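What follows is a single structure, written as structure tokens, with notes after it.
As written, the chain order gives the labels A, B, C, D and E, with residue 1 at the start of each chain.
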Amino acid sequence: MTPLILTLCLLASLASCRREQRQLRHSPQASTRTGGIVRDAELQPGQPWPEVTVRNVSEERAWDLNEGQRLYRAYNCNGCHANGGGGMGPALMDESWIYGSHPENIHDVIVEGRPNGMPSFGGKIPDYQIWEITAYVRSMSGLVPKLAATGRTDHMQTKISEQSKKEEK
Amino acid sequence: MRLVFDILVTLAMIASLTLYFRGVRSTKARVYEPIAFAAGWLTIFAALVGPMDTLSDVLFAVHMTQHELLMIVAAPLIVIGRPMIYGLWGLSPSARANVLAITRAPAVLKTWRAITGPVVVLIVHAIVLWAWHIPFAFEGALHNETIHAVQHLMFFVTAALFWWAIIQGRYGRLGYGVAVFFVFATAMHTSILGALLFFAHGRWYPSYHSMEDQQLAGLIMWIPSGLIFIVAGLALFAAWLGESERRAKASSFTTLLMLLLFCACANEYRGDRIAEARQLTGGEPERGKTAIQRYGCGTCHTIPGVPGAKATVGPPLDQIGVRTYLAGHLINTPANLMKWIRAPQSIDPKSAMPDMFVTERDGRDIAAYLYTLK
Amino acid sequence: MTSSSYQDALHPAGPYANTIVGVWWFYLIVCTIVFVAVWIALFIAIRRARRRVEPDTLAPRAPRAMMLALAATTGLLLAMLVSSIAGARALSPQGKAVTREIQVTGHQWWWDIQYLDERSDHIAQTANELHVPVGERVRIILASSDVIHSFWVPNLHGKRDLIPGQKSIFVIQADKAGLYRAQCAEFCGLQHAKMAFIVIAEPKHDFEQWLATMRASAAQPKTADEQRGQQVFLSTSCGMCHAIKGTSAGSRVGPDLTHVGSRRTLGAAVIPNNRGNLSGWIADAGGVKPGVLMPPNPLDPDDLHALVAYLESLK
Amino acid sequence: MIDLELHVQLAETWRKPRGLWGWLTDNHHTTIGMNFIVTSFVFFLLGGIEAILMRTQLARPENHFVTNDFYNQLFTTHGSTMMFLFAVPMIEGLGIYIVPLMLGTRQMSFPRLNQFSYFSYLIGGLLLYAGFFLNFGPDAGWFSYVPLSGPEFAPGKRIDIWAQMITFTEIGSLGGAVSMIATIFKHRAPGMSLNRMPLFVWGELVTSFMIVFAMPAVMVASSMLASDRLIATQFFNKAEGGDVLLWQHLFWFFGHPEVYIIFIPGTTMMSTLVSAFTKRPVFGYVGMVLSLVATAFVGFGVWVHHMFATGLPELGLSFFTASSVLITIPTAFQVFSWIITIFHGKFIVRTPMLYVLGFLFIFVMGGLSGVMLASTPLDWQLHDTFFVVAHLHYVLIGGMLFPLIGALTYWFPKFTGKMMNETLGRWTFAFFFVGFNLTFFPMHNLGLHGMPRRVYTYLPTMGWNNLNMLSTVGAYVLGVGVLLFMANAVISLRSGAIAGDNPWGSFSLEWFTSSPPPPYNFLYLPTTRDRYEIWTMADDQPLVTGFRPDRREVLITKLMDAFPDHKIETPRPTIWPTLLAGATGIGVITAIFTPWGVPLGMLLAGIALTGWFWPKPPHHELLEEQP
Amino acid sequence: MSETAPVGRRFVDVSELPMFAFGPRDPIWWGLWLLLAIESTMFVLLASSYFYLRGNESTWPPPGVHQAPLWLTALTVVALLLSVIPTWWAFRAAIQFRLRPIQIGFLLGTLASAAACVTRAYELATIGYNWNSHAYGSIVWAIYFMHTFHLTSGTVENAVMTVLLFKGPVEKKLMPDIRLSCIYWWFVVVSWIPFWIVIMFDKS
């Protein structure tokens, strides 16, 4: 009986480990490194960016997503984007993405800033936090694994929580 | 308006007191019964007339104390005093007969049974208690004397019914164990209401201005009242244990064996039962039935087969043939039953059952009839 | 005062803690007597029982002994109850005039402290260091920005929870000048163990002087090093969370650093404030407090030294 | 010869299935009771290991034995384990095993409900430990205060696991309690009126009633928490009209009675042991019963004293202090009763009696520190410090674990037919007693000297170093005591002295049959006429006969006087309750990940219930339509 | 075929005792009432939470709350109340061992309870707020959930009983269970009334 249970536990651990992982101490490298793709220029003529997919591990970790949510408020992202509904800045919970919806696109937008008001946060926010915010931003439009998504916050609810009934729009 | 109510209350109370003590004089009451009644009566008087009532318009805590006095001090005390029996005896014989005629009407009896049913009293009292604390209702009572009077009446009456069911209804459907449970359940919901008042962030009733006042009112409902409930619950619990011991003592094993044999042999035919009853008592069941009507047993007891015998003053006598005890402590033998019918006070001086001067022959016949009830 | 008694309920330094300690000793004495009495009774019982071969029938004295014991218990309980209620009454903040109002807000895992004033520009803001004048009643207004914390200065008073969404009022008073340590007493997450602050009770004069300093804006950097430090502060991530009055840094996410150089401790009273600790804290706060919300800051060494110099200059 | 024949027939009718299948299907109360006892003991060991790890971490200041994150999981899992997976199930299991024997019956009222309860509890426990071993053990403390345990500050599935574990084990406790109450009311041997029941039975009865009224509160609370986290309800979100303190009210409305749920049976184990080893009835039977009932009653009204520091309206504090210290009086009555009983009895020094003395030392001290904590001023200073940790361990270990180990030693021959080794037993006690006091006494001082509870480390300058080290050493000594107890159990099981039917010469009916009891418990059911039946039993005391040996018939007696009333047929082994527990388990665990778990669980449970209640071929009297 | 007495002892022979009993004599009666006690405690705690949360708000229910239409909710209540009548017949007939009224009572009772389920489903679909809208929504939905759970399981139980009764053969032993089913169903009915009143009419 016991070996059976143990085996089951081990198997389950393979499936669950990442979502519950909590990185409580971050290396200095994670604070400085600026993203998966290093580019030469901020603006590039011609075709849009090639879609290079970067795996943002923060998207798979509930803790990181929750940190993203906290930082989103702490760094005053909601000042312009509100709670994802948009205001001075564009809405983040709808389907349209001006600069692409992939993690590296969003990451780059945060690092580099964009015309018409989006400041550059590169060097101001540690890189790992940018990835966390990226993950959270993507979670607002349901682009991350649902099981890891953040819960509702203990604040006024100005948007529908990631995990709640969606048809109430 | 207030004065009118004060006068009305006072008059009603004096009337009730007079009636009760007339009744007490004309029957043999246990010592503590009139005392309890008088104490309960005084509590009501203190709560409804005088400074407490005046203060209750200004101070919620006093108002709460007033309600608690009515519900958990006065009501049980009055119930212990058995107002219905003595009140009845306090009436003139003709009035008594009239009242009895009314109360013995099947509709009245049915209603009475329904509203004093164990679960019903619990729920009704709870509903009344909670419903009156709805701000709209409570405020209404504060601003209108009539509504206020209705509120107090409902508090008192449902509480009295509650206590009646658990204290006096014991030989009927309720054992003390259930009583303990009901006291516990009522203590729980009352204290939850008190706690809600105490923890409320705002004032429930605009007429009372102070937050502390409301908190104190909640506390009074919660803790001192809870204590009274605990004491009542423990007393009932002790009574439960005692009753269980009394019941068990009688079933010494000879009786136990006899009864089991009895159960096994007794068959369904009434003819056999009648023969058996005759054999046990030497009386005549059919004559017993008419004797029962003649002596008025049905005024207090529910007796199957006897027309109109549906009362709940005393214990119901159905299946008395298979009971272990009579009068709580007397082993159920024909001799004991006859003795009990003929001279109850010789067995239990505190019994409310009156001595009706039943003749020897009638006693035998009544016993015979009762023993056909299985 | 030894360093080991600066967070200690048995070394009261003010009237409230004193009241509590009074109740405590009374309770302790009564409880000790009860405990000893129970064991003496038990000892006698065992000695008697050991000598016996067969159990005896119930002695008529037993119920009386029980009644006596219960009566004694009730009496002692009443005595303790009276002392407790009297103590609670003495501790009540109601109707007590105070000289000052301080708002303490709990954050995961540090304390934001504001000295309230009618004039908004007179509000002094600091963190993890509470100064109070000796011999004066101070009203503390407690709030929380995230989870439940608990404000507890054992040498001055009992504890009071900081509950999100509600403000509670607490009055403390220190009679002896000195330094007392306070610690969060309600489990609040990863760094609950290292969420402390210090209370400094000082004579009124010193206190007023200190408060005046606190109200002022930050000192301007004087040396080149300090100037470069300020530059670093404003251009890197520091300003995203911290505020320094008089500069463009105004974020309220982390503790206010306007007078950080004058503080005795860092990281919510976890390490003493000195150059070495400050540098290490900036570089990698998580090394001292794993789970802390302040990220590691791998600054260029020169930048780091300049930053430390600047922060130390903020007296 | 007739006896032998009857034995063969009954043994066939009541045969317990063996092996894994037997474990899954058997519903006899001795099997279920033993399952509960063994499982909860395993959880006790796990909780103990967590405690040792925590003490190791705290042995020195700024220790790096475990991380803070893991430490938080440790103390949360430790508390939850000891409260929900050890104490209550152990008490229920012991009751399920012993109470029917004490009552002189062959089976409990609802055997399948018991079976369902056990497997619910097991699944709940496994769920918690699956989470713990997979690095998502809950980390918000065993009372999981919101908002720390809420959706914003506790991301991931850690707290969901905790909340669902609570729901699950509470279903188990409630089922066991219902079954226990019905059994005690209706299954007593003829003649065992209510006030002739052994006190242990009273303890189980009162505790079961408390479970019925207290556990729903924590189920409501944990469901609210889970739905706040999973479907974004707003029960505890102040900004949307919720309330943080609502959680504390609901939780402590359960949490305080929970303490009495745990220690009331402990006190009645004490009464049992005191009687058995002084050879005389406990003084003041009615008073003892009333004490239990009074404790239970009052226990529901004092939950607020856990919240003195939350800034409640000041007006109420004295009221709450007063009502809290009320508990002292019934408890004091019990303590005095035992002393009076010892005074008038013999004093037989056997291992269980040592635990009685240990209880009196530790529990009295714990009770007194409880009186201190009920005082508002002292509570403000002592609340949430190590003083509270010391107090609650003095009360719970003193009040429940010491009597329990004594009672397990006392009933070990009943379970196994072998005696436990006396010498080892005394050594065990010595390690327990010394280890316990060494561990927890210094914590009083630590609390007074300002050490808050639930800290994973402390600074070296705080002056707490020596006391903490002492406490850690004590924890290891206590751990050795537990190991000794287990060793003793294993050794005694293999080569202990044969016990015989009634090795202690004790009084209640569980000793009226062989040890261990046959699957049908009693060849002929006994009748009783006294509280201390075996001591006063007449030679010609009647027995009960007349059951069909080919069916599992059980006698039902009347509530008050235990007069034989009717018989019922109890079910044979069946898999369905286990499957129902599994179905509920699937539903509840799936609900952690998707709300669809709820309908899924209901569907599966519906299937299992259909199997459970599928009509069997009728073999009782049929109803015929009357003309 | 029953146990015989051991030689040389007195005995109590229970072989003639019946195999079932009604009311408090029956252990399952206790089981049911204890279950009801548990469920009532839950309902009471939910109600207490409702009133506790009520104290936090100045307007209650919060602005913008639209309840299900009153007539629809009243329809549920009416269906529930109507179901009491046939179940009452069954309840009475059970102790008299008369099969036909029990069958009819349960058939009609099941129909009424199924009707209540249907209207309840419409009710839930028309509630104009969500459980995540605010604490009011959360607690009211919780109450709805708890009661609907009991409503459904009560209806299923009624239906199963009806099937068993019509399918036969029916043992006499089933009669106490019939009465207990009725009691449970009445609990489902009665427990809803106060909540219905509170949800529909509690406004400030």
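Just so it is clear, a contact is a pair of C-beta atoms (placed from the backbone, for glycine too) under 8 Å apart; a residue touches a chain by one contact, two chains touch by 3 or more.
Model, not experiment: these values are computed from the prediction.
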Contact-richer chain pair [C-D vs B-E]: C-D
Chain whose average C-alpha position is farthest from subunit C's own: B
Chain ID, smallest distance between chain and overall C-alpha centroids: D
Inter-chain centre distance, subunit B versus subunit E - centres from mean C-alpha coordinates, in Å: 30
Separation of mean Cα positions, subunit D and subunit A [Å, integer]: 46
Inter-chain centre distance, subunit B versus subunit C - centres from mean C-alpha coordinates, in Å: 58
Distance between chain centroids, defined by C-alpha means - subunit D, subunit E (Å): 30
Touching two or more other chains - residues of subunit D: 67-69, 147, 153, 190, 213, 228, 231-232, 234, 237-240, 243, 245, 249, 322, 527, 542, 559, 564
Junction residues of subunit C, two or more chains touched: 164, 190, 290-291
Per-residue overlap in subunit B, given as positions that touch at least 2 other chains: 188, 195, 199, 253, 256-257, 260
Sites on subunit D touched by subunit A in the complex: 20, 67-69, 126, 130, 133-136, 147, 150-153, 155-158, 228-232, 234, 236-240, 593
Subunit E-facing residues of subunit B, complex: 123, 127, 134-135, 188-189, 192, 195-196, 199-202, 253, 256-257, 260, 263-264
Residues of subunit A that touch subunit D when the two form their complex: 1, 5, 9, 12-13, 16-17, 19-22, 24, 62-63, 65-66, 69, 147-148, 150-157, 161, 163-165
For the subunit B and subunit D complex, residues of the former touching the latter: 175, 177, 180, 184, 187-188, 191, 195, 198-199, 211-212, 215-216, 219, 222-223, 226-227, 230, 233-234, 237-238, 240-245, 247-248, 250-253, 256-257, 259-260, 324
Touch list for subunit E against partner subunit D, complex: 1-7, 9-21, 24-28, 30-31, 34-35, 37-39, 41-42, 45-46, 49, 52-53, 56-57, 62, 97-100, 131-139, 141-142, 156, 160, 164, 167, 169-175
